[in-house]
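Naming follows writing order (A, B, C and D), and every chain is counted from residue 1.
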Amino acid sequence: MSMSQEQLLQVFRCMVKIREFENRAHEVFLAGELPGFLHLYLGEEAIAAGVTAALRADDWVASSHRGHGHLIAKGGDIRLMMAEIFGRSTGYCRGKGGSMHIADLDLGILGANGIVGGGIPIATGAALACQYRGTDSVVVSFFGDAASNRGTFHEAVNMAAVWDLPVIFVCENNLYGVSTCQRDHMRITDVAERGAAYGIPGVVVDGNDVEAVYEAAVTAVSLARQGAGPTLLECKTWRHQGHFVGDPCAYRDPSEHEEWMAKDPILRGTRLLIEQGLATEEAIARLTSEIKAEIEEAIEFGRSSPWPDEADLLTDVYSE
Amino acid sequence: MGTDTVSTKTMTYAQAICDGIAVEMRRDPDVYVVGEDVGMFGGGLGVTLGLLDEFGPRRVRDTPLSETAIVGHAVGAAAAGLRPVAEIMFDDFLGIVMDELGNQAAKARYMFGGKVKIPMVLRASCGAGIRAAAQHSQSLEAWCAHVPGLKTVAPSTPADAKGLIIAAIRDNNPVVFLEHKILLGIAGDVPEGEYIVPIGKAAVKREGDDVTLVTWSAMVPQAERAAELLAEQGVSVEVIDLRTIVPLDKEAILESVANTHRLVIVHEAVRTGGFGGEIAAIVADEGFDLLDSPIKRVTAPDTPVPFSPVLEDAYLPSAEKIKAAVLDLM
Amino acid sequence: MSMSQEQLLQVFRCMVKIREFENRAHEVFLAGELPGFLHLYLGEEAIAAGVTAALRADDWVASSHRGHGHLIAKGGDIRLMMAEIFGRSTGYCRGKGGSMHIADLDLGILGANGIVGGGIPIATGAALACQYRGTDSVVVSFFGDAASNRGTFHEAVNMAAVWDLPVIFVCENNLYGVSTCQRDHMRITDVAERGAAYGIPGVVVDGNDVEAVYEAAVTAVSLARQGAGPTLLECKTWRHQGHFVGDPCAYRDPSEHEEWMAKDPILRGTRLLIEQGLATEEAIARLTSEIKAEIEEAIEFGRSSPWPDEADLLTDVYSE
Amino acid sequence: MGTDTVSTKTMTYAQAICDGIAVEMRRDPDVYVVGEDVGMFGGGLGVTLGLLDEFGPRRVRDTPLSETAIVGHAVGAAAAGLRPVAEIMFDDFLGIVMDELGNQAAKARYMFGGKVKIPMVLRASCGAGIRAAAQHSQSLEAWCAHVPGLKTVAPSTPADAKGLIIAAIRDNNPVVFLEHKILLGIAGDVPEGEYIVPIGKAAVKREGDDVTLVTWSAMVPQAERAAELLAEQGVSVEVIDLRTIVPLDKEAILESVANTHRLVIVHEAVRTGGFGGEIAAIVADEGFDLLDSPIKRVTAPDTPVPFSPVLEDAYLPSAEKIKAAVLDLM
């Protein structure tokens, strides 16, 4: 199923929002304003945007350490996100979690995760909850190429397959786990080949082509909703920056980087909108500056929000 | 707890756990049982026998041999509103799931600023005594106790086992429920129906004035037996069954030591890093002025659990060893 | 490569030795003489015998909870094995290990293992040692169908594949993990399909046909020795008894059991030897009674050996 | 130990570890380094930078993202005669590998009746202080300490880091080597060449008569700072850096308490179930008669590690908190 014009505009908007969020987070981090680790989603925007466009509000996502894009795409409030990565009391987690630990259960966001591959079983469990309760909600689990080498991937995908759970395993294959390139961490070229090991479909798409991502996601989501169980959807992509902010990324070949930069999903989205006459360059510039203003507002909100109270240290350990 | 006039029934510790789970499954449709062979086979040691017949395969779920996914999926299911009662057959397999348990289940609430709850129970058999050797005999409550966000429960009687499994299932936090394999077949009177033993309350099993024995799980009967032997020698022993490891009922311990002025801690886990250290540390701080003599620990030695009956018997703390430790103090 | 007549006789002898060892261990257990858990290898003898026939003395095996067959086939001393499962000081582990924890490093036996799937990474590490030192030794990892659902399988096989390690992953698929039948623990029919997930060959053989097992093992071993890396070799089989002694095995269909009993590897081996004129019924009976005598001697050795000394409790925790 | 007249060189704690590994790699061809990104990238926090250039990819091995296989394969490699020096980036990932570490590496020798040795080192960064939040900041030495068969080491200075990594690599047992992230960049004088600090020996960092502070890892500088502050107030503090958690140098502790009669234990790990309990228990038993006052623990609270700098700073034990605890005792 291909996207309507309206949808196309929406996912484009979503991609730009992620892009601008990350660009500014990057700058603010470099300016020394953000504590901790920051793993940017720059370059991978089409995956979060395309996949979540195939979801409903009552569907779920489980994210990774590289989570900002997933959260924004699923409707996360960028003010609360920004405040959280600033470590402020107004943040999503009241400053307790930071970039790798943001959740919004009301929006179906099961959380970013500091443990690579840690979200895959969690997504599987949420999918069991959907099936158990007889809803037709589905769950998306986002993780990287390197994460697909973890035991959690194997055990959870197998469990989801045996139980026909409504979960879509989305592998964001940016060809590297930190400095280790794919051919040094697995023998195969397509992570999607692993689907066959569990008797589920394995699908490869160009992860920088938001339409392709969307279409593959729609198919996977509809299988899941119908009770046919999981799909492993591999999206080939590239991170524009280092593994985290501060990584000079010396392990990647500059010419490969150049090639991939030319396939930037936002560049392609822009071209597509213009070619199809869905937007003019001016309209896109306007949209981008609107979003920039939103982001600026979020940053200002984060930056000017109060720090948590020391007493907060001891709360939220147990639930009543 | 429970109501005042409850009718009781004789059942084993294993049956009592199963009964407690069944009570909750009848009451709350979100409760489900999950683990390897928990259905027709009744799980690793037969505790869940019968649940499949009553509740069917949707609510009593055999899994692949995948402990990580058993615990990991439970975190997600609980976050999404269900109440999983998951089994890993032996607590020796905790090492396989400590990430899901310690980094996900226990920390989610805190990391997310209080915006999620993870009401799940992880059941596992623990302890030595059946010649199951080094990888099927450990007592690993101390690992769990060191993880803020977890609760850990280790009952010693059928009634407590039922009351605590119900409390654990109703608790809105991840609870590790340790079932000692030596106790599974022990019978006792168990209140019928909804019977709750609150998490975090110790039980004084026997009152005494000369020395306090603090213990839990399968060491409770050993401590009680030691108390009997010591009574014959004129030593009056108070036996406290913690029942819950975390949250610890520290008041019960300090209150008893305030009376006896002597403390012996008994646990089956290996000594170094065992939970006995925590108890000793609390009393050596908050109860220092109450003490008339050194705090003693009677524990397994710092070795893996050996297979041969001769060695395993020597490994396990016993009433005799407890008695000797107490006499040392007097 | 098919077996010579001599080899055929040898593997047959090996199978019978395992069979008789297990039969008698079973009886002695039921008589209350053996402590602990006992997982019998009855019915699966052709796998251990066939695979180890493809190995050299300087090759390694890593075993499972169902380990007696592997140990015997790799040359394990049945007297020391029996003494160990009797819990005596003369046993392989001086009574400290029992059935699930027997090793003999001198024979290349890396140990049985009480953790299902626990031996798979260990085998992988031993294979690294072979490669690292430039020997052409190989390692065999034996494990069950259910074990192939553990994360250890996934992580170790992938690591072995990436590093071209000389290890053969032998899945003894007896169609059940305790009471859980394969279709309830994985969606696929052939565990061997999982090889493709790591870019390595996945091969299915009739695990009750010792010649077929041997031939497949020879191919896998020779690939490993040449530096081509691992193979996943799935052997379909059936355990004759319950999961452990004491399991009435109520979860299996009696008619399926009957069918499989007719495929008993020893029955088939006997038929083969006679048909090919390699042995007469009398010769086989003689061989069997010779082996029975050996086993009896081992039992007597175990039974009459001294218990460990209590002081042994505290030794062997650390190495100097 | 080391020889008498060693030349030293100024290097960071991270460089000292790397230097120690390199010394052993030059000496023993069976030593190899293995873990995620340990090659060109230098591992999680850059400690192994440079080793790939000197020793090449056969001996400095990047792995797939597979902690279980990293530790599990190391057990097999060690059993087969190699000496792996494995890295998991953060000790927070111990929960992923506790089975391989606790059930395989630590127990193999005992289970097999003494017929195998497992000479492997597992390196991991530990500790809070860099706003890395709940899953990248823990101090989990207490889990390791509760596993017989393991040794656990946690140095606080560059020289000790070098001397102990060499000792760990030469040890014929599995050794967990915890590198505190706050210490990695701290520079100090480090003996060149083969320099060994024996596993199991504490260091008296400062002598004093009024109170003994027992601590390790990144809490050592805090304790030293507290001792300085207290000296200004006329309190004489002895600071003991354990350096090794297991085997514990209990004599060093008891000897000091015999002189000071007061004990404060300081660790960064959360309080409940922390290794401080073990130390307190030993002293409350074997050193009971030496004590003039309660044993105090200064630790992190029982919460996950929070992200926000304000909260993380409040979470961490500090010189000020140590000082307050000591003054409480006087």
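One rule holds for everything that comes next: contacts are C-beta pairs under 8 Å (C-beta built on N, C-alpha and C of every residue); 3 or more make two chains touch, one makes a residue touch a chain.
Only a predicted model underlies this, so the values are computations on that prediction, with no experimental measurement involved.
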Return the chains common to the contact lists of subunit A and subunit B.
-> C, D
Min route length, chain touch network, subunit A to subunit C, equals 1
Tell me which chain's centre, taken as the mean of its C-alpha atoms, is farthest from subunit C.
-> A
Between subunit B and subunit D, what's the gap in Å when you average each chain's C-alpha atoms?
-> 30
Between the Cα centroids of subunit B and subunit C the separation in whole angstrom comes to 36
Go ahead and note the Å separation of the Cα centroids belonging to subunit C and subunit D.
-> 40
Multi-chain contact residues (two or more partners), subunit C = 93, 95-97, 101, 113-115, 118, 149-152, 155, 158, 162, 184-186, 317
Give the residues of subunit D that touch two or more other chains, as numbers and ranges in rising order.
-> 63-64, 66, 68, 92-93, 96, 99-100, 103, 110-111, 133-135, 148-149, 301-304, 306
Work through the pairs of chains, note which ones touch, and then classify the graph as line, ring, star, complete or other.
-> complete
Spell out the part of subunit D that touches subunit A in their complex, as residue ranges.
-> 36-37, 39-41, 62-68, 92-93, 96, 130-136, 301-304, 306-311, 314-315
Considering the complex alone, what residue numbers of subunit C touch subunit A?
-> 149-155, 158, 161-162, 184-188, 193-194, 196-200
In their complex, what parts of subunit C are in touch with subunit D?
-> 60, 62, 91-97, 101-105, 110-111, 113-115, 118, 120-130, 132-133, 139, 151-152, 155-156, 158-159, 162-163, 315-320
Using the touch rule from the top, collect the residues of subunit D that touch subunit C in their complex.
-> 32, 58, 61, 63-64, 66, 68-69, 71-82, 84, 99-100, 103-104, 108-119, 148-149, 151, 172-173
Which residues of subunit C touch subunit B in the complex?
-> 35-37, 87-89, 93, 95-98, 100-101, 113-118, 146-147, 149-151, 177-180, 184-186, 250-251, 307-308, 310, 312-314, 317
